[in-house]
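Chains: A, B, C and D, in written order; residue numbering restarts at 1 for each.
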């Protein structure tokens, strides 16, 4: 496996769902940055299942312990390592995973790749639980970017067949964003949020699951971030975001819809407003040639329905080489989209801080 | 800029649209691989504009010169460098690009980032012309992968409002693929191809442009390729594919459509067929947990309409800080999708060969 | 800081001398390797000061805790993270380090680079204590290499003015090596070892310190490891070995002494022995063109005298910008060479396993 | 092979001794830097054999052609690629290299590693000729560093048994340095230079060869460059310098001699001079904890005697598996040390510019 990301900022994620701890090491953070621990906790709570009606009842107490890299709460240039202890799990649910792979999980591919030596319990390193250390790193990157004037916010754009309003592509939706942060269920249109939660409830009742789309905006990026042709904004943000399990697609600006338009419609004319250069449509999502334009950077990412469902499914017995039924017990989120929202922000923040560091070199 | 890709296979692209030459260096190719030069030429011709009714009339003669890395036509372990000389261009068309940026091109971002020192002629390093060295590298990677039993094929899935049939997600469309390779305009449904070409013709007549979607399939990947969580298949293929100018989105398997399904519909059950483990839907596009499943790896990528159009557009004068009109002269492809098809195959091949190398380590 | 090493095997070291813990994450280990925990402990004990007459009386109990990457004692492909808790230290000794830098320590450079935000206690991330996680990673790499038939052994070649016998460059000194491993003070010539310990004792009495040279041999490397020109054996071993504090030089084969010889003397003729190709002198230390020859890989590395001495020294007050005397209290090793021996083996093992992985790709 | 160096500045060297061309690609240079082409030529001439009495009579005309990365002589942010065409060589000398390996060359290791597919002519990618593209990259890095106030100079410290004066470790030897640059044979003590040249002449007469030591100083580095523990100054300079064929050792400051001193002698006290913080001995060679101190960075590197000698040597026939004599014809430098001097400067410059870029990030 290769769970290391970045060029100048190097983020290493470790741990399995049921290992002693999960954690992250972050190399080359600037010295002297004071982490706001309350803000970090608030961010982690957005990812946590606790106290959320639409989520699993499983209790995950994510207590972060900083092992290194800080003096008090302030970075000291040494690599920062933060861990979260895993509590004891009943392992009985997972015993057969190496033999009867769960559909659309990584059980089968990891069994084949690692020849049975992988840790199958709870999905091992493939577990959604590993997004917790990703979020720790992302939350710290977000705070550093914020100090540099850059902010990142995501909301649920779609769950199953209910669509939220989109971010305004040509402005900073400050008020929407504030609301999002105050809200347990981050949508712009509250009514749509209620409908979405109903859909989740129905899926849960049916022992089924649903997915959705997350839209993320980066505001106040200076012009000039991104190093084409292989370290441009799209390249690196997508590389980071696909580290989140269940993500199956990403698009920037108007994305796939750009193919429905003619060049004269999709092109994004420049204009001067109060001495500032802006563009009229921001169809390109704040990126031209892999480099930030100064307009909001906007991307959307597709999150598949939770593969763990209570309905009986078809699978195979690897040892006997015959077809077998599988029924997944245990409690699982019928929809992981709401909890994936901060994960998308985190992945984007890690990629962006790394590219921001490259940008600073020849400033 | 950062035009270097890969971990074990390191591909470095260099050149500008109008520099003396464009080229690519490929590090860590296996020794003793004989390049089929005819196959390479045939691949490059698919990208070339020459002799294609739907394309620009500009003549680009892409004569590849190998500077190093070969003994005869066989790799010798030393880094392979291949270049294409640029012929003389009339530079007059491009003189004002630094002052009046073309909408949806990289003129503005590169002017801001490189403070006017970038090479503006023909788009410089941002030019679509730089996909030629990408294709050289990709064509060689494709040949090496083919020897290992792996093949990669792409077709035009959509142009503007005309959609082609999709690849069969659960089988190797051998016959379709053969047809694609024999065809100048790679579609599965020839009738749709004729309609698409009409749309391109109309856009051209209107001095406008259109975009589309390219679908790419990788066949006969062994189970186990991909190194999650940051070097999985989606991470690295997307990082490579976004190096192609005009690409604005990527999705794997059923991609964004997975959000329209319930888990019970989107999940992909395993079954045994003739002792072999297969899946029923391949909704995940041959990837679970970032690792190949052995089913066809399928992804789609959105290509925006060519930003160079003949219609007058709004822009600004950077020096005078006022709004200005811009009219782009010269001949440009009204739709670059057909020529981008081999580029997508090339980018995928580079990413896959690099990951295939990682896969071999602990085999 | 950048405490990440390697291409395919990625080792990340974290922690400060007095942080909650120090540790290491190792990415991309093979799955299914069972770590011999006794052997690991024995290796760590060689680095430890405990129970060694020639060493500091400070007690460091290095209890390794594995947080991830194992199922039982067997690697499971997920990144392995191992930590050592730091016990409580009296911090009073270190309070003035940011103002009055200790000569030949990193106090001054880190104060300037990190603007006072570095962790000064115990040397922070610059402390020799950070070689403990390096040794954990190295010990695991050594075990994996051993399974592949490769062994690494180092001994004290020189302390101050006493020189040990050298490794036999053209053979595997099996008996010497066994003795080394059984010995607390790893030398080939025991008498020289006694003299060396006397020198250390004298230095200690004088509140002074001494350094020395460590010689390291890698046996039974297959021919063909190393990726020139920048990832050859010398390049990567030296990059890794210079991570050990106090190392100031490295040489391969006869090293600097090759300059005393003529080409006809320094050249290393090939000959056939029992069908095997060997060389007569191994003056090149088992490396030609950055690639292993199959002869023992031999290198030596210079370790400077411990900079912490009890004698009063000249320094400056950074805040007052005046000359100041400094007297370092506390207990420090008068000679760190014996404890650096396993560190050199560890650094070499990490570099070699990474290069061994590259070597396996096109096997 | 892996001929790519660097993190932010990525240098890729390609070519073989007798391939069509040799060259280098440099990624992520700052935009807007005007290369002084005369200075570049002068630097390349120092490496060239032409017109040097002590060198081979073989004529190598190194005409640099810039393929990309420049507008006029000014960098344009796009990767810079520069090549040198190889003229026609008589290949007859090299035909048997794959069967009867030359002692102390890479013929044997490359034959084993690349299974006979390597390019044997002239040593292929292992040839000293590949230091020409290294010098192109280094010369450009030197010019950029110079603009930032940093200079790098090397001289011949030793040839066989003749030693030159050392650089003054605690001052900038401006006058010596000027003399060096004006001199074809870069030594501080001209008389020693004459003796050295006599030694080379004698070795040449004897059909033998000799080696030596090169000392290199970096002046006016700001305090704070270097990213420990794996990207410190010693780590990366040594990694780069070992890319030069024939280098077998490197030491920083007083290097291996530090082991002859006590801590009280080797330690380097700080003092205030005119408000500036300096050290008294600079025994550490301008580096503490892997980070620059502001004192001159000084290192020495051992260059082995040219392995190509006219005297008959012992080798083996790989095909017949018997001992064979080998006699190397052709003209070769009896001592490559003088021509290696700019190569050492170049390698140091590449490593330093890359680390200087890292240093700039959090400035």
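Rule of thumb we're sticking to: contacts are C-beta pairs under 8 Å (C-beta built on N, C-alpha and C of every residue); 3 or more make two chains touch, one makes a residue touch a chain.
Only a predicted model underlies this, so the values are computations on that prediction, with no experimental measurement involved.
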Each chain counted as touching chain A and chain C at once: B, D
Remotest chain, chain D as reference, centres from CA atoms: A
Interface with more contacting C-beta pairs, comparing B-C to B-D: B-D
Length of the line joining the C-alpha centres of chain B and chain C, rounded to whole Å: 46
Euclidean distance of C-alpha centroids - chain A vs chain B, Å: 26
Geometric centre distance via CA averages, chain D-chain B, whole Å: 39
Shared-contact residues (touching 2 or more other chains) in chain C: 1-4, 13, 28, 31, 110, 113, 125, 227, 358
Residue numbers on chain A that touch chain D, as the complex places them: 7-8, 28, 30-31, 227, 357-358, 360-363
Chain C contact footprint on chain A (complex, rising order): 1-4, 10, 12-16, 19-23, 25, 27-28, 31-32, 65-71, 74-81, 83, 110, 113-119, 124-125
Sites on chain A touched by chain B in the complex: 1-5, 13, 101, 103-106, 108-110, 112-113, 125-126, 130, 158-161, 203, 206, 208-213, 223-224, 226-232, 234-236, 238-240, 242-243, 245, 247-256, 258-264, 266-272, 275, 277, 279-280, 283-285, 288-293, 302-309, 311, 313-316, 318, 321-323, 358
